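Chain lettering (A, B and C) follows the sequence in which the chains are written, and residue indices restart at 1 in each chain.
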Amino acid sequence: MATRRATEVVVRALVFTCGWLAIVILAAIAIFLLTNGLRSIDEVGLGTMLTGTSWYPTSDNAQFGFLPLILGSVFVTGVALFVSVPVGIGAAVYLSEFAGRGFKEVAKSVVEFMAAVPSVVYGLIGVAVLIPWVRTTFQLDSGMTALTGGIVLGVMSIPTVLSISEDALHAVPESLRQGSMALGNTRWQTTYKVVVPAASSGIFAAVMLGLGRAIGETMAVLMLTGNAAVMPTSVFESVRTMTGTIAAEMGEVVRKGLHYSALFSVGLVLFAMTFVINLAADLVLERQRKRWRR
Amino acid sequence: MVNALNVEPRTTAMPTLVMTGRENDTVVAADASGSFTLSEVSVAYGRDLVIEGVDMYIAPRSVTALIGPSGCGKSTLLRCLNRMNDELGNVKVGGKIMLDGQDIMGKDSDPVELRMRVGQVFQRPNPFPMSIYDNVAYGPRTQGIRKRSELDDLVEDSLRRSALYEEVKKNLKKHAFELSGGQQQRLCIARALATMPEVLLMDEPASALDPISTQQIEDTIAELKASVTIVIVTHNMQQAARISDQTAFMLRESMDEPAHLIEMSETKKIFTNPDDKRTESYITGRFG
Amino acid sequence: MNRVKRARLTEQIAKTVLGLMAVTVLVIAAAVLIYIVSKGYRAINWEFLTTRPVKLGREGGIGPAIGGTVWLVSLTALFTLPVGILAGVYLSEYAARNLLTRSIRLAITNMAGVPSIVYGLFGLAAFVMLANFKVSVLSGALTLTCMTLPVVITATEEALRQVPQDLRHASLALGSTKWRTVRKVVLPASMPGIVTGSILGLARAAGETAPILFTAAVFMSPQLPRSPLDRVMALPYHIYAEVTSVPNWSEDLIWGTALVLVAGISIVSVAAGVWRSIQRRKIRW
């Protein structure tokens, strides 16, 4: 009996430790990014970095301005949302409100497949198909542009936007639909007057999570956007994103050097952005769950 | 807390004998005990007092039926007897509950040990997703019994006592989910019996079953009475009248006040000549 | 009457437009699949799968990259499964309903949204540098573990919640402790969900490049790692490195590599899904 009690105590301790590990890891990520980025924050200054417009990390007079990188991410993400939001939400509404069972099942597996394809493979497809297409269609010197990366990124974030929107639509109680249809509304009227508004917070969360996914995506953009670290003015130019910068440069920096530290600061900014986005999405989702629970 | 009815427990002390032995493959229950004495028992869900002032004596090797309208706290009171309320969280039990003279809610009382002595059968059949054999052997294995022959004996014995053995003896390795609902419930009874409990708590054990399966369960209860104390919650008046020796009627008269034990005596008396008007109206169907 | 007709017409239009969007998604996915297969199948043969790359990968096979990915994923599974399952058990069976539990849940969903390159940075700082595991399978697997944990935890918790409360009570009522109840009844009953969810998460990990970029991957290595402290080649990194740094990379071989990666992930995922539905048919509540 004593051993039984002891086992229970040990197990409890172990289970609790594992349970709390998520918080520990998340905190550790923030702390490691911060401590490794500290040197650049010290020597260059966070304000200078965040507002600086030139990123010349390796020149004699090195400059660590994040703005070109942040804008690069914003451009690419903007294009991505332009692709993923209408298609993702539209398809979700169709699947939830109009599609038959068979079509729905097929679509579900297809979306799962899309989500499972590694980003490096999307990058490869972009290299083979989209880069030449963008170059000839828009008559550019190079097909490596924010547009190219953004389109591929948009396709990649469709599964996120679609499946979370569909969950939100699915959570709307059937009684609401029946109530509206009983008043003589068509299915479509019911959908845009009742169902979509009722699911709006969930759909908003879906867009946020799609945004988070796109901002944090690395490999495809690295392979497709050309990585010119200049202030972008249009989506037809080559850009360099925050993620692409870290991936491309970390391999060649002096460990613990200023450039190394600056890359960690880029990571910190990236982490903070996605953290806020995810938190917002999560809180919205939580509220929605509570609303339908009763 | 006010004791609404001021009922004195009829007996308080009973010999304290813990029995888990068996002889020649037949269960010996001669000196087994298994009496419950409840005094001033109250239950609260959070701040909401749902049961108050229950005094009760449950004799060893008898069948006691708990009856009353739904929501009157029968099942909650039943769960006090093996401290399953502990697992629900937010439930506070007050008063004193003695099993064979031992306080089961005291500091040095261990719910895990208590539950080996007080088994429970649930409303819906809930076999574990494993074979028939493993289901029945689950309790004994929990107690540390590992020897194959011993387990074999216990499994066979328990299945016989729950009147399932003849139907399943050919294939004890069969998955429990392949049994019918009634068979599953008798398997659950066997599972509870395998730890050699002194008391068996049954929470509407036949409510999810067809009439034939119900009949089989009732027959099983009648046989088991010789070796274990049975406390059964039922909403079926005929069932209570058929199988129990004594009956306790509980009632929650309004949602603003807790439930009380209105009356408890021999089943025959409760169903023919109850002392309390409320019991009479419930029995004759006025309460539903 | 006119109003009704107009409503019907609008509905028809809306339905068509939305349906087209859904079909677009299917077409894109089909195109991706067909493209990968049609460009990649020519390279696939036994030699390609087993031999090492020659001339910077312009010729030869991808044996070490396949082996390296298997190494990484196996080690990741070894770390993730016990920790993730226990964490899921904590949330479903032990956690009280309080602020701490809420924060843990929040942390888990947030972990799932942390960019993979940030995990790469964390792995570099924590495992490669601070713990001094160097650039190695171990560092890479630990990094991938942090990434995969939320998937395993969520899958476990969801699977555990499917187990009816009655079953737990039945075990407790037989005098089992909480842990025994979890170990003997709740976990076995929810294994299909846990295993399948975990496999899906691990399959994703196999396709990740950014987290192993500076923690585990090496461009060329003639053989498999001999210890967890060696660097490895990996399929996704191989594709990236060839495309971005080898002039005149072989299209056939790289598409072949992509096909191997996608097929591996898909086959494992589909198999896990099929296995789960078979198991589910056996256990029905």
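We take it that contacts are C-beta pairs under 8 Å (C-beta built on N, C-alpha and C of every residue); 3 or more make two chains touch, one makes a residue touch a chain.
All values reported here derive from a predicted model rather than from experimental measurement.
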{"item": "Middle chain, criterion being Cα centroid separation", "value": "C"}
{"item": "Longest centre-to-centre distance from subunit A, chain (CA-based)", "value": "B"}
{"item": "Centre distance in Å when subunit A and subunit C are each reduced to the mean of their C-alpha atoms", "value": "17"}
{"item": "For subunit A paired with subunit B, centre-to-centre distance based on mean C-alpha positions, whole Å", "value": "55"}
{"item": "Distance from the mean Cα position of subunit C to that of subunit B, given in whole angstrom", "value": "48"}
{"item": "Touching two or more other chains - residues of subunit C", "value": "177"}
{"item": "Sites on subunit B at which at least two other chains make contact", "value": "112-113"}
{"item": "Of all residues in subunit A, the ones touching two or more other chains", "value": "4"}
{"item": "Subunit C residues within the subunit A interface of the complex", "value": "7-8, 10-11, 14-15, 17-19, 21-22, 24-26, 28-30, 32-33, 35-36, 39, 83-84, 86-87, 89-91, 93-95, 103-104, 106-122, 124-126, 129-130, 146, 149-150, 153, 177-179, 200, 203-204, 206-210, 213-214, 236-237, 239-240, 243-244, 251, 254-255, 258, 261-262, 265-266, 269"}
{"item": "Parts of subunit C lying in touch with subunit B, wherever the complex brings them together", "value": "164, 166-177, 180, 184-185, 188-189, 282-284"}
{"item": "Subunit C contact footprint on subunit B (complex, rising order)", "value": "82, 84, 87, 112-116, 119-120, 122, 124, 126, 128-130, 138-139, 142-143, 175, 177, 188, 191-192, 195"}
{"item": "For the subunit A and subunit C complex, residues of the former touching the latter", "value": "4, 7-8, 11-12, 14-16, 18-23, 25-26, 28-29, 32-33, 35-36, 86-88, 90-91, 93-95, 98-99, 103, 106-107, 110-114, 116-125, 127-129, 155, 158, 162, 185-189, 191-192, 209, 212-213, 215-219, 222-223, 243, 246-247, 250-251, 255, 263-264, 267, 270-271, 274-275, 277-279, 281-282"}
